[in-house]
Every structure is written in structure tokens, then in C-alpha cells.
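Which chain is which? They are A, B, C and D, in the order written, and residues in each are numbered from 1.
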Amino acid sequence: MVAISPTVEAAVADIPDGATILVGGFGTAGQPVELLEALVRGGASGLTIVNNNAGNGEVGLAALIAAGRVRKIICSFPRQHDSHHFDAAYRAGAIELELVPQGNLAERIRAAGAGIGAFFTPTGYGTPLAEGKEVREIDGRHYVLELPIRADFALIKAHVADEAGNLTYRKTARNFGPVMATAATTTIAQVSQVVPRGGIDPENVVTPGIFVDRVVVPATATEPHHEEDQ
Amino acid sequence: MSTLPAVPADPAVPAVPAAPAVPASSGSGPLGRDALAAVVARDIPIGAYVNLGIGQPTLVSNHLPPDSGVTLHTENGMLGMGPEATGDEVDPDLINAGKIPVTELPGASYFHHADSFAMMRGGHLDICVLGAYQVSQAGDLANWHTGAPDAIPAVGGAMDLATGARDTFVMMNLLTREGESKLVERCRYPLTGVACVSRVYTDLAVFLIEPDGVVVRETFGISFEDLCDLVPIPLRLAEGARPGSA
Amino acid sequence: MVAISPTVEAAVADIPDGATILVGGFGTAGQPVELLEALVRGGASGLTIVNNNAGNGEVGLAALIAAGRVRKIICSFPRQHDSHHFDAAYRAGAIELELVPQGNLAERIRAAGAGIGAFFTPTGYGTPLAEGKEVREIDGRHYVLELPIRADFALIKAHVADEAGNLTYRKTARNFGPVMATAATTTIAQVSQVVPRGGIDPENVVTPGIFVDRVVVPATATEPHHEEDQ
Amino acid sequence: MSTLPAVPADPAVPAVPAAPAVPASSGSGPLGRDALAAVVARDIPIGAYVNLGIGQPTLVSNHLPPDSGVTLHTENGMLGMGPEATGDEVDPDLINAGKIPVTELPGASYFHHADSFAMMRGGHLDICVLGAYQVSQAGDLANWHTGAPDAIPAVGGAMDLATGARDTFVMMNLLTREGESKLVERCRYPLTGVACVSRVYTDLAVFLIEPDGVVVRETFGISFEDLCDLVPIPLRLAEGARPGSA
């Protein structure tokens, strides 16, 4: 059952030191910047973060890394033109990096949410990112065995929520949100708007409410969308 | 005992209570199917996501109060299923797992089969309620195949439901028509799932399958001693249980 | 690139004897009845059919089985009150049955479409349907290794298609269509209506056109939907 | 040679032609990046689904004619990607894999990351075009990591694209700044994928990676003999190829 949190601070208040957190977004598109900044203010540390990247510029995930709260990051593409906070922490040996090919990252998160114990993927076979992993030839093709990635919390950004916790997303900001929502003990979604039950056409729900524990509309939300897109 | 969920228990849904808020009536005889459905319904926490199997378990929905906030899942791709459709509501594209036309409640959602079973297998459903041929003292379930050589086997979603939900409840008559207990030491029929059942609701008693054995939470119109005579496995009476009179 | 077929007969004309075909539907909801009946008229035989059930009454898949065209069926729930054509063929030894738990069926089809070589599922562990399959304990839970199910053709029923081949579905008739569309060499969708490109909101596409090869509006289409649902 | 697609080739899309419809200009010197992009674009069949990697491969889109029916995929969750967004079109929620704002064409669709990479891994994309540090004669690709000890590694979707698409084309300059061939017997850099590249488009020649060796389809401003002197692996000239003058 979904709870509507009054503030982003309340939404993340129970995230403890040492938690593993799935963080939505591809760069800043779909990144739950306000939830992450509430987490910076909240003070939890020693976190393991799962995200496609390792922060951009000064906001959101970059701010969390800059504040020294992230012990380890699991991602596919840390190195970007504006990932200087990660770069500095990494070179200082202050942050651990587990590099995962982007599709394996998404599929491992899906597997956690879908109750799949492990799966054979062709991606990464014969590369350094498959070292030490079980390989198998199936039907003439080589595969690597990959394990699920689950987490204590997922912080995601969606577009509209209804009071049943159903979510829609906007354009390519959808990216990791729907799979991450399925793979955490507690999923927290920041959204632009909460509508009553029935306010989202059941055919167009992307994340069913069963995967969502808390929804919050950030006070500072400045959504880029046009109203007619809702 | 329940299988380990792939995702730990959802803190937003209260744990299934170990004992009923209100002691069951321990009246004058075995419970009817409808009264038993009411007992199950009372044990479903507010806000839970629930899948009710075909047959007797479907009756449970009649006893969920409107303010229960319980969301019904049907494995053919829907959350927020409403009551059976009647008259003009009937739409052949909107059916439940038993292929009966149903309705849609506000806040419903549709999804495809792989997503629907991922939802179950991933441990997101709080409870599923299933019928059974037999349940073992370890919580093994047999409900899909009698093993008869001339039977056409059909499994449907039973194995996925049994192993996927956080708690699997069984509803059944305790005894076969021949008077044999369907709660057994070891299932004689082909299994649906291993160690997946957490509770067994029957016309004569409610049984909790716990790691150290089977506990009787309440009885209906039968004494604990007489119940023990019917069931060929060791039973313990729960603390505070109110056994019915024989 | 999607082709709009003029008739259901044309849409299925190149399905050869011995083909493996994924057939959408759960009972009759979402079953591509008109495509299946065109297949009956077309004469292909020795088919392997993958469907949740094994036909209902006299139409569609039941008609194909009654015509003796199905060599083998892979399904989860063949035995129903109205599956008499399958029952008769099965008892006569005229049709082979591979029984698969419903969720494993859906996931095996998804795996084929998603390039997953095999996966460990908890469903079926310790039951007769896992006999002979590899089992593994992962993180204290037991799993069974399952392989993909791919096919030469998928015949599905959707609701609206656009000229890019994007599809939407209606209510629980969605069921197996979206995953089957991904797992066949050639995917053929019967729909109620074809609209121009852009006629489906990109946020609401359920099956992207990349998975769809042919779309056809059956001449006899008698859709149960109300116009306002489109 | 290409990896085996999980799903056999889609008959709705014509096979990639083995030779260009129009022989390439074999003019006076190496091809510029833009002219090379035009050569690649000409080899993309009508109606194909294509992923263009970051950097040089992105130029290919400028050379796809409006009636090509080619649909562009971006791995961050979109089919039907249009040109780069400008002015009021810029929307931070609509970006490509390089995180550049783009536009949406009619017939577009959005999907989540697991679905997007399932689409790639499942062999549904006809072609992806990638840059490279090195390609081996067996079609091994190295394009994600120089192996330098102080480099921060980043792989993104490169491994998924390389192994997932039915055909992986590489675009690169044939020689490093130091004049060494990037088409090699065996890659010295960490691999992105094994035996995944089917063609290598360079400023000096187009190479086809075939099971029995590397074939030169055309050269640009260089003779086949001079090309063989630059590349440290055995090369065969394709039948009917029109080698350029040196």
C-alpha cells in the first residue's frame, strides 16, 4: 500500500547508514535529484549506490558522492565530462567501483524483482568484465552467468502517480525507474503530480502500485513538461 | 513455512497476524465454505496484495470489507480486479484466471504475462490462497495432479503462485470423502511446490505450518484431542487458542 | 519494417508444414482466432503450437487441433471444460503435450526474445515438471534451469496498430501477446484498427513496431470493445 | 563474422547487401568522416532498425534519405529518435545515449532499460555502428578501455550493442596517429565483444570480416597492394571490387 510522503526529507528519513540503494536515471534524465539531496541533508553514510552513472555536475547523486556518503557504486558508465566528484573520490581511493555492462545492469535488477536466481547473458563474454564468472555454451553461443542486484531502497523519478501508487514516466526519463521499482524492499518515487485512483488509464500504467511504497511531490519540483503531456 | 521471498518483506504492509484479532467462533460444528472464507478474509492485512485461486478461495473476496484496501491480482495480467461482471459489464477481454468475466476497479493496471508472473515470482504478492489435494507437515503442496494415469495433466499458474507469494494459504476440507486427512506427513500426489504453504484453513481447524511443526490456531466444532485423532501428524495447540467443543 | 497484410489468409500464407508457432491468448481473450482459422484454411500441418491452453470450443486453436494440424502443443493448462478437441487428440495419441508452469512458459518466451540463454527459476523445483532439469541452490533458495522457447512465427491479437507496427492491447487480452511478439522470426498481429504513424502516443505503446512484421485487420473482425476505449 | 542472433534474421528486412549498389568513389585520397558516414548510410537497408554509437557513427544519420524508413534506436529507451533538438525543442527528459537532447519522430515509442537492452540482446536490431580502438581479423572488438592503469573504466552499453545487434559495423580511421593499423591479428586492448564485428569502415578501405578471413570491398585513394602493406593480417580483394588508386 502506498503512502504519500509530505516532504522529500520524510520520504528518505529511515534510510540507514550502510543501505544499498537503487537510484533511477540516465545522467540527469529520470534522476530523483530532490530525493538524493534530501538524503544528503539526512546524513546517511556508507551507502552502496546502483545507478547507470556516477553523478553529473553538482546536483543529486554527484552531491551525495561529494558529501562522502557513498562507499561503493555499481554502474556502467562512471566517467563523464561532468563526473568530477566521482573522479576525485575514485582516484583518492575513497569509493569502490563495480563496473557492469549497461544491459546486464538492467537485467540483473530485473532478475531481482522477478525472482530469477541467475541468468546466462551473452554480454561481456570473453571480456575482462566476465572474469571469474561461470560461462556456458548454449546452442552454439557463449554466455556468462549473472546474479540479481537487489536493494534495500529504490529512489526513482516518475511523472504522474495515482493514489494506488501506479506510475507513469516521461519520454527517456523512464529508463531504469520501472525495473528498479521492482527490486527494492522499499521503493520511493518522486513525481510531478498525484492524481486520484482512476486518474491514470489502467492500460497506460507503466509501474503498477504494488511496486511502490512511498510517493512524494518535491516542494521545489520544476518539471520541464508541458501540461498537455500528462 | 513460507519460501524466502526474493525481495524482503514490504514494511508498508503489516505482517500477517499470528493470531486472529477476534477469536473464531468455536460453535457447534464444522465451518461451511462461506464461514471459512470469512476466517481467511479476517487474516488478510489492510492494504495487502492478494491472489485468490480458482474455486473455494474466490469466496474470500466476498468477505473483504470495502475499507480493507486489499488489491486483488489475477495472474492473467491485472491488479485491481473487481467483482464478477454481470449484464452489460461482461467484456470477453476482461476475465480472471478462471476465465470468468470480471470488472475493473479504480486504480487498476494491466500488464503482460511475463510481467505478471515476475510480480508473483519476485515475492511482491503478500498472500495467495489456493485449494489443495494434500498439504504436508513441511508445507509441501499438492494441488495440480492426482497422478492418475489417464488424467490429462494441467498445471496453469499453480506452481508459480505457490512458490511466489510471500505467504501461501491453503483452503480445503480437512478430510477426503473417504475420511482421510488431507494434511499429511508426506504428500502422496505429485507436488506443486516444496515447503511453500504457511497456513491451512479447513472446515475443522486452522493450522499454522511452522519450522518446528504444525500448530493448531483454532478448531471449529471439534476438540483438539479429537482433531489429533484425525490427523496423522504431531500437532501442537497454539498458546491462547480457543478449541471448539466436539 | 511492418507490412499491412490485405487479408488474414495472405498474412499466414507462408507458414510451412512443421513450423513452430507462438499463439497469443489466455482462453479466447487475446486469441488470434481469425488468423488461426486462416491457417486452418491454408493447410499447414505438423505444427508445434505454444499457447497457454489447448483450445476452447470450436474456434481458433480448437479448430486447428480438430483439423489434425497440430503435432505438439507446449502449454500450461490444456484441460478445460471446453477443450474436447484437444482431449480427444491427446487420448488418441495424436498430439504430443509438453506441460510448462504458466510463469515459466511466459519467462521462457521472454528469454528467447531477450537473448537470455537460460535462467534459474524457483517455480517447479521439487515437482515432476522439473525432472531431469539442472537444479541449483542460490542464496538459500532452490532453482531450476529453464531454456528459451523461440518460434518461427508468432500469431497474436492486439487492439490498435499504427503504420510503424506499434501495438496496444485491450485489458486482460494483453496477456501473452507482448512477450510472444519478441520471440518469433516473424510476428503477425491481427488488430481492430490501423492508424497512421503518430496515432498512438509513444508513452502508451506496449509492443514497439520493431517486433512486428505483419499487421492485418480481419474482414470479419467483431471486436467486443466500445469505441471510446480506443 | 556476426554472432548468432537469438532470433533468426527477420525476413521483413532485406539482408545487408554484400556489395554496394553503386561502387564507391575511388577518388584521390582517404575519405573524410562525413564521406565515410555516407558510405555506411548507403549500406543500411530500407526499413532497418539501427543504433548509432556516440561520436563518428552519429554522422551516419545525416546521410539516411527521408524515404529510407530507417528507425533509430537509442539504448536509453526509445525507438523512432529524430534529429538533435534545438531551441524550444530541448527537453531534458528526451535525450540520446550520449545525453544530447533529441527529438521524437511520428511512430516513436518509449520503454524501460531492461526492455531496451532485451531488444538489443535478443537480436532485434539489424545494425549497430560503433567506434573502435581495435578490431581483430576474427571480428573481436576493443572500444571501451585502453587498459591504461590510471584510466577510470566505463563501458556503458558498448558490450550489449556489440554482441546484441545482428550486424555490428565499426567506423574508425584505419591508422592510429602513430601510423599503426587498428585492424589487427589480435586485439591488444581489453575486449568489448568476441567475434562480433561484421564490417569495418575506415578512411582507407571497407573490410568485411568473413569466416575465412578479411575481405577488402573497396579502397579509398590507396591501392590494394599498399593497403596490404599497412595492415598486418592477410587480406583478400572482393570479386568485383574497385580498388582506388594510390
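We take it that a residue touches a chain if its C-beta (ideal position, glycine included) is under 8 Å from a C-beta of that chain, and two chains touch if they have at least 3 such contacts.
By chain, with names taken from UniProt: A, C = 3-oxoadipate CoA-transferase.
These numbers were taken from a predicted model, which means no experiment stands behind them.
Participant: For chain A and chain B, which third chains touch each of them?
Facilitator: C
Participant: How many steps does it take, at the fewest, to get from chain A to chain D if each step moves to a chain that touches the one before?
Facilitator: Step count on the best path from chain A to chain D: 1.
Participant: Is the C-beta contact count larger for C-D or for B-C?
Facilitator: Higher C-beta contact count between the two pairs: B-C.
Participant: Can you compute the centre-to-centre distance for chain B and chain D, using the mean CA position of each chain? Integer Å is fine.
Facilitator: So the centre of chain B lies 55 Å away from the centre of chain D.
Participant: Taking each chain's centre as the mean position of its Cα atoms, how many Å separate chain C from chain D?
Facilitator: Centre-to-centre distance between chain C and chain D: 34 Å.
Participant: Express in whole angstrom the distance between the two chain centres, defined as the mean CA positions of chain A and chain C.
Facilitator: Centre separation, chain A to chain C: 33 Å.
Participant: What residues in chain A touch two or more of the other chains?
Facilitator: 107, 110, 114-116, 121-122, 139, 141, 169-171, 202-203
Participant: Do you know which chain D residues sit against two or more other chains?
Facilitator: 6, 78, 104, 110-111, 118, 120-121, 164
Participant: Report the complete set of touching chain pairs.
Facilitator: Inter-chain contacts occur between A-B, A-C, A-D, B-C, C-D.
Participant: Touching chain A in the complex: which residues of chain C?
Facilitator: 107, 111, 114-122, 136, 138-139, 141, 143, 147, 168-171, 202-204
Participant: Give the list of chain C residues in touch with chain B in this complex.
Facilitator: Touching chain B from chain C are residues 26-30, 52, 76-80, 87, 90-91, 97, 99-107, 109-110, 121-129, 139-142, 169-179, 206, 224-225.
Participant: For chain B, which residues count as touching chain C in their complex?
Facilitator: Residues in contact with chain C: 3-4, 6, 74-78, 91-96, 99, 104, 110-114, 116-118, 120-121, 140, 145, 152-160, 163-164, 190-194.
Participant: Could you please specify the touching residues of chain A with respect to chain B in the complex?
Facilitator: These residues of chain A touch chain B: 1-3, 110, 112-116, 148, 150, 162-164, 166, 182-186, 196-198, 202-203, 205, 208-211, 213-214.
Participant: Under the definition above, what is the set of chain D residues touching chain C in their complex?
Facilitator: 6-13, 46-49, 69, 71, 73, 78-80, 104, 106-111, 118-125, 164
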